[in-house]
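Here subunit A shows up in two complexes: once beside subunit B, once beside subunit C.
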Partner chain A sequence: MEISTKEYRVWIEGTKIHYEGTMRLSGTDAYAPILSLMNDVLQSKPDEITLDLTELEFLNSSGINLLAKFTIEVRKQPDISIRVNGSKAVPWQSKSLKNLQRLHPALELTIS
Partner chain B sequence: MADLGRIWTKTPMTSSKQTIPAEPVSDPIAIGSFSRHSFRAKFLLVVGAAVAFDLLLGGGISIWNVQRLSKDATEQVSQGLTEATEGYLETYIETTALRANLMLDRVYSEVEVLGNSLQVLIDNPDAESKIGSTLENHPRLGDRLQYNPEGNWTQNLPGRSVVSVWGYLLDEDGQPTPDVQKQIEDSSAFNVIAPELMSSGAAKLQMYYVGPKDRPIMRTTPYTEQAQTFDKLYPGHNESNFWDFFFPGVYEGWQQWLVDPASRPVDRDVVATAPYVDAITGALIVSFFQPLWTQDRSDVAGMAAVDITLNQLNNLVENVRIADTGFGFLAGSNGNVIAASQAGGAILGLVSMDSEGQGVTGINRFLNQSRHPAVASMELPTDNRTVIDHFTVTEGDIEKSYLILLKRLEPTNLWDGEKIVSETLTLGFVVSSQEIYESLTAVQQQISEATTRIVYWQITALLISLIIVFIAVYAISGRITAGLSSLAGAARSLQNKDYSVRVSIPSRDEVAAVGLAFNRMAEEISFHTENLENLVEERTKKLESANYEIVELNRKLQTENLRMGAELNVAKRIQEMVLPRRGELEQISQIEIVGYMEPADEVGGDYYDVLADGNRIKIGIGDVTGHGLESGVLMLMVQSVARALQEKGDTDPIAFLNVLNRTIFKNIERTKSDKHLTLAFVDYADDKVTLSGQHEDVLIIRGNGEIEQIDTMDLGFPVGLESDIADFVSTRDLAFERDDVLILHTDGVTEAENDAGDYFGLERLCESAQKYRGETAKQITEGIISDLRSHIGAHKVYDDITLVVLKHR
Partner chain C sequence: MQFGTPTLSNSADAKSIRIVISSDAIDLSWHHCGTTSDFISEFFSKACDSDIDANDAHHSINYLINEILENAIKFRYTDDIVITGSLEMNSFEICITNTVNSDTAERFQEVLSELLSRDPGELLLEKIEQNAMDMSSGGSGLGLLTLMNDYDARLGWAFDKVPEQSQVRLATVAALTLS
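Our next item is the complex of A and B:
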């Protein structure tokens, strides 16, 4: 499963969702295919879901909204643990990703 | 859509394809089968030029060789003929000279025989007198002298010879004096010898004997009436001494020889006279004298002599025949021509003049008096070699060239009328160059004619060869280029869209191979063309239906656009309505506040507000996710709630934000919106600000230039995501005094990119703010925006840009 454009790429390896490039989609509707892809992973009810954002250089506010909404969904299912990997090299991540942990304290955030 | 687009881009190509080929077809390069550009013409030109060059070169060389051969042959033949002719003439003149010498030598010999016989008797006087008296008394051999009183001379009666005794040798009775009588007797042997010599050997006119100077009796054979003739022709001769009268100088000359033998010019005793007309016979004669000597060789004892006509020599010379008019002549050393035919004399331009000699009449035709200067200036040879020369004479207007050969005869002693000198006769041959070289000229002409003929035939052959070759090449070129011509024709037909055309080339060469390939290609083209037409038809149908769909979609899109346009207009209006008025801001006395907003699209998601209530001023800044009407409505809600809370007098920023979040969250839930927003507030009162809510970093530039960068992540939480955010909200108090500047911004500022993909970033924002901090809030805003613009350049602006600058008055 993969969504790929000139700007960004999102793909799944098992229960790990990778994000790469610059995501500047115009709104919630534009992010729907990516949310659908993430929900597919969630619906398979895995023990753990990992969001790998280390290669995602930019994400606009709609994108952050997407991640927040997904985190809230995961929070509703305590059996599923979630892990988020970020990079210090990308400025927005160290600030914004902390909000995900606030939404769902069980979320395991790793910013390396 | 993408597929349709691809088909659409193809459609114009496909449809125009039917019109494009029409243009080049209207201008096909039609090459006539025999125009000067045709392959055949070029082929003809090349082969023709090669053959013509070859033939002309070969022909030229052979013509040149023939000419050279002709020239060489002419030269060789000319040289050979000239050598042969001149050699022949040389031999001829030498032979003739030899014959003339022999002829003269015989005469010399005969006069010498007579002289020597008489000399023997002189040298033996006893025998002489006995023989003399015996012969004198002999009835037939003796002289019967008879005095002629009329002439006063004594002469014998007719017999074997005549003896004349001149008056001055007679006594009173007419009888010879005793010593004269003795002389008559002693010389009577003449009667025996001379007549016999006369009858044999060379033809002679007469032979005679003359006694010594004191007794000059004269004996002559054959018998003539000698004295009578003398009386008639030479009056006075009987009164003078015979020697002195007839031959003055001869006798003395001989006497001189005795004294000085070296004075004899030629080593032979015989002396010749110059030719003269004989008084008796009237013939042109020459006399040859043989002197007789006394026994003791102390004096001259008379002479024996012979007269000959020059006829024989003349005959010999005049019978010379060379070519048609060639002739011979004989000249003395003084240039007097002794013998020459009349025609020859005329050619030489000789002028005859009679002249009187002593006793005899000579003949003078001198070469140096010739009418022709070339002849007159001619020099006779000075040695015995044969001289060959040329001379030209002009007769009237005609110039005639002659070849002349000169050859000297043996030298001889000559009595010139006064003394004895050496004389050498010269034999000459003259022949017209034209005649002698006639054969040569004829040969030259024949060679020249032959050459001309050969050259003529050569040129004719050359031209015929050229014509034949050209006809052959023309014929062959037709066959060779026929294949190419039909290929060219077929290609033209193909160009004119006649795909049914096929070529037929009977030959089995490369052209035929091209023809086969052409036929295959034509077949393929034909197949593809027909197929293409079907394909185009099919594709056109599909395109028509696609086009219909697109029109439909376009119509829908237009409707949607109208709808969206209307929505956007509403959203924009809402945003305009929500944002604070400039006049509102200017009324605030403590702080100078300037807000700047530039949406990326028609309507942005950024929000800011200034809520002033007496001394309390609350400034809000936020960023709603997404854009459009929904975002605008959310923003309006936030503004309304914030205004309401402010009006209610809620001074606790945490409660303020919590109530606001709950309100918005519930409304979002109700409207089933996916949106949320970041939101932060700055509360100002009494030189102090209180920050609350999570948003971008807040910058404070102090009056001394120090910058404080305040992270708001721990001061709040995104609004509208969670029902209760009380746990996350907190405040931070900071001093905000005179000349301090506070800057709020949205991520559209820091994340604005340039062409290289570099963000404007907080660092640049700080630098810029620091740079303009001394200015008014308005100027600071303009300065920062100007720096931001120059950073972005021509690059696309992705997000709304919002900047709020506060400056403490």
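Our next item is the complex of A and C:
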């Protein structure tokens, strides 16, 4: 399962969702296919989901809203744990990903 | 009418840039937000003093301009968008002006009154929770809240009625301290 454009790529490996490139889509509707792909992983009821954002160089606020909505969906299912991996080389991640942990304190955030 | 602090303090000696996105000349669309913010952030990150983290400056300027331009493009009444940016030491300032119709201006003023009346961090989480309950919601003001809370951006807005017309000229001013 993969969504790929000139600007970005999102794909699934097992229960890990990878993001790469620059995502500046115009709003909730434009992000819907990506949310749908993420929800497919959630609906398979894995023990753990990982969002690998280390290669996602840019995300606009609509995209941050997408990650936040998904985090809240995962929060509703206490049997499923969530890890979010980020990179110190990508400044938005150190600035904005902590908000996901505030929404869902059990979320394991690693920025390395 | 003004909200926040829509004033600029960099001097005339600051490194500066002025860009006009002319709606007559190009078919203005979404991707112009990204290409414009990429260009301006590239320009200023290369102009930074060596004690400033150029990667962080590049990203912060890019995110800031992209979010304000997205609003300008989304809510504009057909007219030019003018962007002026300047950098002096570690102070980056930007002013983006565009025209909106009077209904849009009123709705935006209501959003701003709410944003400025609360702690941005708290309000950001509250808005995200509200959006999550309504899956079709796009999140009004979330971009501005991330700028205020995650980037410590200082923001201001000035609304001026266009003489003898129903449109309003909106100037959005933002300042970042680069480190």
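In this text, the second predicted complex is superposed on the first by the 112 of 112 C-alpha atoms of A that agree within 3 Å, B and C clash if a C-alpha of one lies under 4 Å from a C-alpha of the other, contacts with A are read in each partner's own complex, and residues count from 1 in each chain.
Rule of thumb we're sticking to: a residue touches a chain if its C-beta (ideal position, glycine included) is under 8 Å from a C-beta of that chain, and two chains touch if they have at least 3 such contacts.
Only a predicted model underlies this, so the values are computations on that prediction, with no experimental measurement involved.
Touch criterion not met for A:T15: it reaches neither subunit B nor subunit C.
Applying the stated contact rule after C-alpha superposition, one finds that A:A89 touches subunit C and leaves subunit B untouched. Of the two partners subunit B and subunit C, more residues of subunit A are touched by C.
Within the superposed three-chain model, A:Q101 lies out of touch with both subunit B and subunit C [touch as defined at top].
Of the two partner chains, neither subunit B nor subunit C is touched by A:S81. In the superposed model, A:S26 makes contact with both subunit B and subunit C.
According to the touch criterion, the shared surface of subunit A, contacted by subunit B in one complex and subunit C in the other, consists of residues 24, 26-28, 58, 60-62, 64-65, 68-69, 72, 92, 95, 99, 102-103. Here subunit C touches subunit A in the complex through residues 30, 33-34, 55-56, 59-60, 62-63, 66-67, 70, 74, 124-125, 128-129, 131-132, 135-139, 142-143, 146, 149-151, going by the rule given at the top. Residues of subunit B touching subunit A in their complex: 605, 623-628, 674-676, 678, 694, 711, 713, 717-718, 721-722, 728, 747, 751, 798-799. Residue ranges on subunit A touching subunit C, taken from their complex, read 22, 24, 26-28, 58, 60-62, 64-65, 68-69, 72-73, 89-92, 95-96, 99, 102-103. Residues 24, 26-28, 58, 60-62, 64-65, 68-69, 72, 92, 95, 98-99, 102-103 of subunit A are the ones that touch subunit B when the two sit in their complex.
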